[in-house]
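In order of appearance the chains are A, B and C, and numbering begins at 1 in each one.
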């Protein structure tokens, strides 16, 4: 296990050594995790009074030019391989399936218009969407059921997940590409009932005032909620 | 993705830059690998003529004092967190994950229909189940291999475990609700055709008369028992 | 997005899911087709001529029908709508009561096309981002931080029961296949219209256009009769209002407004 590990002489109290130790711990914690970690968790691993922001910045600088980078996704922190090296890494796993156009468009509509109902998605695309399209996006873990819109028929509202952000390397939904264009053209707030206009996609878990919570186990038992 | 990643200016032919690129690739490949990697594979990721030993030594030196180390295991190479930091990251038990829908559906069928074969599960679900689904249920300790059905092909039969009962707070598997209770609780609706029935689950360890015991070491080596 | 995107073989575009709408022409719905046609005008979508677009579309549909290609009903509903819109744009007849101007309707349609286009670009932009597992990778070998406790999974008894009931039920009920309808009812056509061109709360008289495009010429009389009774039914159910200025004059229809969402909110709060 230790072939190339040199013995360390850690001097706990010496200031510089302390700093390095913080770097080592952060690095190890981030390295061991497959999922992005939030700052509260990271802070809990450092001695009281440590400047987490500063430590993260330092770690980021250290990794910036290397083959692994420190990145911020979904408001959390993670180590990821540098994306310019993707083709050099080629894992054994089969390449991910290409999404169908219907799935890409549906995902985009959910991402940019969330919270959004199935009827609204259909209205934008101009075609009915097969149940399979939303289901598979949900199964992939990118789309989730949020709640129910407070309108007749109480249609389910959909939004994106943290995993969606992680997959596309986004820190938050407001980082979505082309968001400004859509917003500028007035496409982001015109589908909402009057009085509920929110000009930005919003994936925060708290329901909006025009949303009701899902009942227990509601999600799956609901083939025609939007009809 | 780019929060802390600085733009790289890679000059392919300049000796130093070339070396750095090799370091970056090695680092990324080792980071993303799911297993320790052998030198043949690592060499295949570097340009022809690169000195792998030298690159590994350099990478090892870079990481030696850090929170992550390059280690040699079983003649192969891997990046691992420094072992002196084990206790600092140990609290990092991942939060419990929700079971995937495929897993919960499979588990439900095993629970009600045990002893049940993979082919029977697939028939009820109407889709093939990936080997991983059953495997992970077994790994979680909720599903076990019981024996083999005495039919051609001798498919493995699956059942639930005591841990399954503990997790779901069941005294015995026959406490799972039957047809009338499921209807009463609104899980099943009234349109069901006559003759629809829900089996009485039974997880007693004694094999049924249509089951054979598993041979020694049988379980895992059995990719196509149900085909 | 290039025109070639619209010429993907069926197998490729449908790789991930069963296509619900069997779409013989190979487009993802009428708006998709319209967008492609609009691109041939080679102008900014904001300056598109809806009249020319309607002509192109109707021509396309007419050609498909001449070739005896079966055209999905959604396309025909759109054709009916465009034929109606075209007649309004060409002959500014005295509008029915409270009717939106033809220019407004055309502008709405242009806006929908721009929206779809913008969403497509956004979707394409999303897909060209560096993605986890393709361009960048996470730690491949998670380190067990506590070897005694690997990843924990949770599920509730509720998850278990609903998963079970749902699967059994799906299977048990799956034998009841619904016979495919030959002719769309007026109600279905109107629902499709709402999806395609938005909800019009105003008086319209496009039923003659719908009838023309939705059915074979030989069936027109009977379908006109049955769609008339269907609209009466919808009036009775409170979904629709009907108006006729004199005998044999065109019938005007209007969707009854649904209760406003704001009112709904107030109600639930009480």
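Please note the rule applied: a contact is a pair of C-beta atoms (placed from the backbone, for glycine too) under 8 Å apart; a residue touches a chain by one contact, two chains touch by 3 or more.
Computed from a predicted model, the values in this text were never measured in an experiment.
Leaving out only chain C, the chains are still linked to one another by touching in one piece. The most central chain, judged by the distance from its Cα centroid to the centroid of all protein Cα atoms shown, is A. Of all chains, the one whose CA centroid is most distant from that of chain B is C.
A straight line joining the Cα centres of chain A and chain C is 30 Å long. Per-chain CA centroids place chain B at a distance of 41 Å from chain C. Look at where the CA atoms of chain A average out and do the same for chain B: the two points lie 23 Å apart.
The set of chain C residues touching two or more other chains comprises 129-130, 136-140, 143, 145, 159, 162-163, 166. Within chain B, residues 1, 28, 31-32, 34, 80-81, 89, 91-92, 94, 101 each touch two or more of the remaining chains.
Listed in rising order, the residues of chain B touching chain C in the complex are 1, 28, 31-35, 78, 80-81, 89-99, 101, 103-105, 107-109, 111-112, 124-126, 139-140, 167-170, 176-177, 182, 185, 187-189, 191-193, 196, 198. The touching residues of chain B, counted against chain A in their complex, run 1-6, 8, 20, 23-29, 31-32, 34, 45, 56-57, 60-61, 63-73, 79-85, 88-89, 91-92, 94, 100-102. For chain C in complex with chain A, the residues that touch the partner chain are 5, 8, 13-21, 28-32, 74, 112, 114-116, 118-127, 129-140, 142-143, 145, 158-159, 162-163, 166, 194-196, 198, 258-262, 264-265, 268.
Residues 129-130, 136-141, 143, 145-146, 149-157, 159-175 of chain C touch chain B in their complex.
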